[in-house]
Structure formats: structure tokens, C-alpha cells
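First the structure, in the form of C-alpha cells, and then the observations on it.
For clarity, chains are labelled A, B and C in written order, and residue numbers in each chain start from 1.
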Amino acid sequence: MDAAASTWGRRGLATFYGLLAAFLYVPIVVLMIFSFNDSVLVAFPLSGFTTRWYRQLLENEQLLTALRSSFVIAAVSSVLAVVLGVLASYAVVRRRFVAKGAVTALLLSPLVLPYLVFGITLLILFRAVDSFLIPRVGIYFGLGTHAIVIGHAVVSLPYTILTVVPRLERLSTDVEEAARDLGASPRSSFRRVTLPLLAPAVLSAYLIAFTLSFDEYAIASFIAGDVTTYPLYLYGQVRIRIGLPQMIAISVIVLVLSLLVVVLVEVYRRRAERRLDVGLPSG
Amino acid sequence: MRDRVRTWPGTVALLSGPVLWLVLFLIVPLFIVAGYSIGALSLFPTDTGPSLYDWRRFLTGSSVYMSLFWKSVQMSLVVSVIVVLLAYPVGYYLALVARRRKYVLLLLIIAPFLTSYLLRVLAWRVILGAEGVINTLLSSVGLRDEGDPVNWLIYSRFTVVLVLVYVWVPFVALPIFVTLENLEASILEAGADLGGPRWSIFWRVTLPLSLPGVGAAFVFVFIPTIGEFVTPSLVGGTSGLMYGNAISELFLKSLDWQTGSVLALFLVGVVAILMTISARFAQIKAVESP
Amino acid sequence: MGMGAHTGGPSLRLDRRDFLRAAGVMAGSGVLVACKSASSSSSTPATSGSSSSASRPPIAEEAGDLRIYEWLGYGDGSYGDDVLWAEYKDKGYPKPKFTKTFDDDAGYTKVAAGERWDIVHPCGYRFGDWVALQNADGSPVMQPWDTSLIPNFADLNQSLQAAGQFNGEQYFIVADWGFAAPMYRADMIESPEESWGILFDETYEGRISWWDSLNMFVVAGYYNGVANPWAMTDEELDAQQEFLISKVPLVRTFWVDDPTPDLVNGDVWVAYAWPNHWWAAVDYGSGKGPDVVYMNPKEGMTSWYCGFALFADTANYHHAHEYVDSWASTASAEWLINNYAYGHTNTALDLSTVNQQLVSTFSLDDPTVLEEPNSHVEVPIERRDVYEERWLEVKAAG
């Protein structure tokens, strides 16, 4: 007997899922429709089919540059967030130390700070650093890509920790101990045993951080300096009506691409974890 | 010797990177905000020194901001409850019913998350507007007359709740799914042991065990939504002013950084307290080495 | 401009307001009339920061990497608007880097917090605030222009340039201006009274759109007959606030960027709007869009103006002047009017090259269109923070 649900229960839940999924996709479908609509106005009635928005955005230098900037920023800040996150997760899960509650709270605290406020204070911080450095050493920190990378690495950190910790908890320490018993140094046992076991979770954490950074607007709007990120460009274009259809088209492309990536990664992750976990003591 | 080996790398080595990072780029900025909130720092040179005037003004409710805070809390509560109520059956279905295809189905509902947030909100404007999808459908089917569209769909509190629920459900379904997936084995055991109606298994085993995860998911929505202001301002019409809007306007329009900082710090404080209380529901536990 | 004519500012207001009114009355030279001689004689051109330009490196030694904080769609090339600085481009100078914005206040905040550019393009309501900005060491953040380096300056409407003068120096080259008035769907609303009251009329309950700005107080002031809505006393503000709060239930939404989509959709029938909103709604005069009318209310339209300002620490002094000069040209004026339905301060423009529908709607050929009581040129509000807080309270009542 299926402990989870009766036949009617199964059907009811499946219907519920179907309705909810439909609800979630209605705006997506609407966006897709309008990405082919032959009019600048995003409103009914429809004006005919066209692919010109897709063609136009391929020639849109500003948009392509913005996408590139966002990609770089997301890639780099996510690496930072994941590295710091893995270190922190390891400490939280495998170590005992004083004031663990307080440290955990600190590590998760970026979740609670409004991005708007965070962006402003980072701006002030960087300018203060500059006004200190410039007269003394002649160099400056400035705003731009590196500033946004720092900001995003801060706000992504809790998410990476929240992704890696559960996986780390499920991993028993027995395997690492076994490796060490067999003579591996702690460093190499971490590298050759723990890290590969963690790899799928690390990859997920990276993706989450990447997605967050790629779509992040508030913080970037303050510390971007001369750089335009994709969300900044998007928000700007949405406000002048002429730019809107192109933005819809690019977001459809981004959606399809990220869907592909996420599907592939998740498939890999689940297969990898299942393979890696086979033969491990349960616990 | 075994103990020393077991504690490599040292706790300090592990934590120094993340903690330093956060202290430098999070704690220091928070102190700056605190400085602004009491007037110790200010945007333009002023004659007045530090004072708690703006704190007092805010906390005693003599300005409009405190009522905005409660308005936002209330809105966030409504949204969070609805989101959890909707996400739970989905998580349940995926984790415990649709066993083989659960990951695909899960990804399917997370995918919309990958489109730009702003565009998803704007799409709702198109759907709910006077000449939008719903109204066009209603009038073509004959349920409503032409030129008499349903007005409360857009630019109302209903819209704000609807769009926020829309944005959050996929995000919340994930932790609930993970929680229930972890419980799968226990539930099957309970089923085998207890026998009896499935309803009572759910009520006596599944629900209580999943409550911590659900609680965490609730907090996960509730906290950021208190400060949410983009969606309310885009689709909320005249009822769309929230606490977050006030903070944004104070910083960017009135340039009253003192009051803005007070509001921001208050939000941070409230949320910090909420997070601490719910920390017991979070899945971070110390693992004792055997 | 893109979006955001607000009003406000501290100190020097009183002097400038009177001066502005006097200059406006004196001008008689009109706004866009091809009367170069008349306009240049109306008021003394500001003294240039001449001593500073003499000591600056010549243009050949400048890097030329202009950084401009500019309204979206005002030269960044969003949709052909780089015509606005075509002459600069034709002279072969490197393309400027634009930091795009749709928010005047956000730019001011960023500069106050320490960001710098070469040129910025704020609107009149905060001119005084910009001039008053100081670095940590007390030196000013902005510097005046040297109008001798801007050949087109002589053609510009001098009364509006006077609004950009502080301490006898030309801190702002005022280039663009425009109106604010109600616009409405003529197919939904038949021959309404030409008054600001349309925004407060119960007949259109749930179909009204206000601008999300304290300027609604000014509008309410003009509608209710307040003597000077730009400088109301606390009692007057109380009365207007009560009035506005009582009318909020009639309002559908407060628009931030653009009331046009809602108007075209039929979600609202009447909105506070700038000329570019109306022009877009009627599809740039093509006759294709819905029937939208830009009203000239009997209490008078309000108008705003924006201008270029120069940062004191710029390394591209001469390039900046060249850029502003090309923006001030008649070619730019023509493009701006035809595409935004705004006004441009270049009085040498031949109006026959401009879309005649615009000329007639906004009386661009009438020299007195910007004078009282035909319309009310924006006056920076001294107690802007008071207005701002009261506006927030009005919104919170929704």
C-alpha cells in the first residue's frame, strides 16, 4: 500500500500540480507570444508575427555588452561565494566552536539586509576608501565590475551555505576517516574524498549564486559606475516603450538557455550523487 | 594525534575568510547605516550633532512610517501563508507521489524563476489589464460586456498578493520538497507499522515531521517580503505603498538619509530577531564526530 | 528628458524666482521664434569662468573620454537619439560614455555620496542643490561653463539661461524644457472642462492617474487658487493635503515612469502627463493611435526645464563645452521637438521644419507661451522636504 496517498489522493494532487504549473507558466507564455508580436506596444490586440525583435537584439551592441558584463560578474562573484560558502559550511557542520549561533547568524545575515540599503552603503564605503587612498598612494578602488562582484559575493553567501550544508550533513565522516586510516593526509583526503562527494552540491550552489547575481538590480544600480549590467539595461529599456519587445525576446532566450543548463546540471547532479552514494554507509 | 589530525583545517582557518569578508563588506556598512540613523554621519554638513530624534519619531508612531511597517508585515503574512499553503501540496506530490519523474516536474516549476523578475511582473499587467488576456476572454465568451472590464484585477491589493504569490511559490516548493523527500523513508515505515487510513499517517507522522521544514520555508518568504516594494509599486496602484518604498524614497528622493537609515536598521533588527527565533527550525545542526 | 521634472531647492530661490519672472516678462523675444537679435539683447550673458579656461590645457591635450550622466534616450543611442550630439561626433571626437538614468534624484544622491562624472543633465528644481554641493575639503563639486566656448549659446533663450545662473556665473546651459498638463482619452471623455480639475473629478472615478510626485501639491494649489503653490505655508499645505487625500480614492494608480500604456489600454482615461507621453500615445502624430488630447487647462500648464552642468574636477573641459555646443544646435532642437514634443531653448530654429501639429498644440511660435499666466514655469520649492513628506502621507492614505 502506498502510505503517501490513495488513488483519489494521487489524482487530486496531480491535478493540483497541473493547475499550479499552468498558473506559473501563463506569464511566460504571454511573454513568448509578445516576443513575436509585430508591435512596440505590449498590449492586446496582437499585430502579427515577426522575428525582428530577435534579429534586432543580435545587433544591439549595448545589450550584448551588458550581457557579457553580467555574465562575467556572475561567474566571478559566484566562485567567491561558493569558495567562502564551502569553507563556512565545513566549519559549521564539522566543527564545534564557541558562539556557533552568533557566527551562523552572521553568515546568514545578508539575507535580511534590503539590497537598496546595502547598495548605498557599499557606495559610501568604496568612495571613502578612495578618498583615503587617492591622496596617499595615488591609486583608487573605484566602482564598476569589481565592486559589484564584491556586493554579489556577499548576498550570495547565505544561499551557497544553505545549499552545501544539507549535503555535508548527509555525508558521513566515516569515509574521510577511512581514507585517513589508509594513510591519506588530511589535505588529500579532503581533496580526493570529500570534495568530489560535495561536487554536485557545490555545482548547485554555484548555479544559485549565478542566477542571483545575473538578475540582481538594486545593488548594481549604485556601484556599477560606468558599467551596465543586464538587469540595469533591462530596467532602463523597459521604461522606454520602444525597447520593451527586444527585452522580452532576450529574456525568452535567457529562459530557454538557463532551462537547458539547469536541466543538464540537475540530471548530472542527481546521477552523480546516486553513483557516489552507492556503497557508502547510510547516515 | 588523531584528534589533531581530525581537526585540520582548523576552525579559524576555515572561518577567517568568510567572516572577514562579511565583517568588511556587511558589518562595516551596517555601522555606517547606524551612524546615519543617529545623525553622527550625514550626507551634507549640518549644524546639529548626533541625536535620537528620528528614532523616537519613528518608534512612537508620530510619523507615517510605523503604520507602513505594519501594513507591509500584514501583506507579507497574507502572501506567506498563501504561498506555503499552495507550495505544500506541490512539494508533497513531487516528493511522495510522483516518484520517478519528480526531478523533471520540480525543474518544470522552477524554470519560470529564470526569467527576469521585472518582466514577469509586467506580463501580469498585460494579463490583468482592462484589455488584457482575462478581460478579453471574459468579453469574448460573453460573461462581461465590452467596455466593462473587471477593474479590481490590476492596481489593487489583490494584484499585489497574486503577483507576489506567483513569484514565491516555486521558490518555496523547493525546500518543502527537500524536507518531504528526506522523510520519505520514515513515512513508508510508519505506513507499514501503523496501517490504518493514510489520512491519519499524514496527520500523525508526515505533517509533524515536516513542520520544521515548512516553518523554515515560511520564514524564507515572510522576511524578504516585508521589505518588498518593487511589485507593490508596479501593480498595486494607489494601495501599493509599502515600507520598502518609504526607505527607497527617503534615500533617493527626499535625501533624508537619517530617517531612511532608521527605517532600514529597524527592519534589519526585526528580521534578525525573527531569524534567531526560527534558527531552531533551520537545518544547520552540529554534527558530532563519533 | 526622460522622466522626472521635479521641483525643489534651498537658499537662493527667492532672488532667482523674482529675477526669472522679471526676465520672462522682459524677454518678449519668445521661445522658439527666429529672432536672434531680440533674444540676445534681453539680458546680459553670464560672465564665464574665464580665468579658469585660460589656464586649462588645450583641447588637443585632453583625453576626450567624456563621461556623461544622462537621461535615458537623451543621447545614449537608445533610439536614434545620438543625433542630439551629431555635430560633436562629426568633429571626430571619441564617443562619450553614458551612464543612463531615469531619475534625477538618484543622480544627485550618487554625486553627494561621492560619484563623479564630466557632465550631468539635471532639471531646474534642484539647480541650487547642485551648485551648493561641496567636496570633503569644502571645494565646490560643480563649476560654471565658459559661454565664450559655446558658439550656439547666443542663440539660446536667455530668460531660461538666467535660471541657470548662480552668483553671476552660468552653471547650467538650459537646453530642454516642456510642459505638464492633463491628457485624456477623447473617445471616453467627451469635451470635458479644460481644467486641472479633471484629475480630481468623481465622474472619472477609478480612471485617473496621478504622477507620483509632490508636484501634485502644486497642481492642487493652482486648481484651488493658491497664490503661490511653489512656496505654500503650512496652513496652505494642510488644506491641499486634505484635498488630495480626499481625492485619492478616485485615483487608479500613481505613475512613476509612463502613464501612456495605461491610457492606451483603457485602464485609465485621464492622466497628468508630459508632452512626450501624449506624443507617444498618438503614435507621433501618425493618426494611428487612440484619440488622446493634451489639455491646456484654464489654470495654466506648468513647465519644467533642464540643463547641462559641468563637474569641477573634469579632465575634459574643452570636450565638454564642444558636446554641449552640439546639443544646443538647431539640428538637435529639431530632433528633440519632433521626437519628444519638448521644447528646445535654441531660438534660431526655423519652425517650419518642425511637425506643425506640435507647433500648434504647444504654441511653439508664441513668444508668450512660457509667461504667466499662460503657463507656470517651475520654481524650485524651498521647503521641498516638507512637501515630500506630505506627499508620502497622501500616498499612504491609499
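One rule holds in what follows: a residue touches a chain if its C-beta (ideal position, glycine included) is under 8 Å from a C-beta of that chain, and two chains touch if they have at least 3 such contacts.
Predicted model only: the values in this text are computed from it and were never measured.
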| item | value |
| --- | --- |
| Topology of the chain contact graph, where touching chains are joined (line, ring, star, complete, other) | complete |
| B-C compared against A-C, more contacting pairs | B-C |
| Centre-of-Cα separation between subunit B and subunit A, whole angstrom | 16 |
| Geometric centre distance via CA averages, subunit C-subunit A, whole Å | 40 |
| Residues within subunit B bordering two or more other chains | 129, 131-132, 251 |
| Subunit A residues counted as touching two or more neighbouring chains | 42-43, 120, 124 |
| Residues of subunit C whose C-beta touches two or more other chains | 106, 109, 113, 261, 265 |
| Of all residues in subunit B, those that touch subunit C in their complex | 43-45, 63-64, 67-68, 125, 129-132, 149, 151, 154-155, 233, 237-241, 246, 249, 251-256 |
| Complex contact set, residues of subunit C against subunit B | 103, 105-106, 108-109, 112-113, 134, 206, 248, 251-254, 256, 261-262, 265-267, 384-385, 388-389, 392-393, 395-396, 398 |
| Residue ranges of subunit B in contact with subunit A within the complex | 5-9, 11, 14-15, 17-19, 21-22, 25-30, 32-33, 86, 89-90, 92-94, 96-98, 103-105, 107-120, 122-124, 126-127, 129, 131-133, 136, 166, 169-170, 178, 187-188, 190-192, 198, 201, 206, 223-224, 227, 244, 247-248, 251, 260-261, 264, 267-268, 271-272, 275-276, 279, 283-290 |
| Subunit A residues touching subunit C - in the complex, by the definition given at the top | 41-43, 62, 120, 123-124, 127-128, 130-131, 143, 221-222, 225-226, 228, 236-237, 239-243 |
| Touching residues on subunit C, where the partner in the complex is subunit A | 2-3, 67, 72-73, 76-79, 97, 99-100, 102, 106, 109-110, 113-115, 136, 257-258, 260-261, 264-265, 280 |
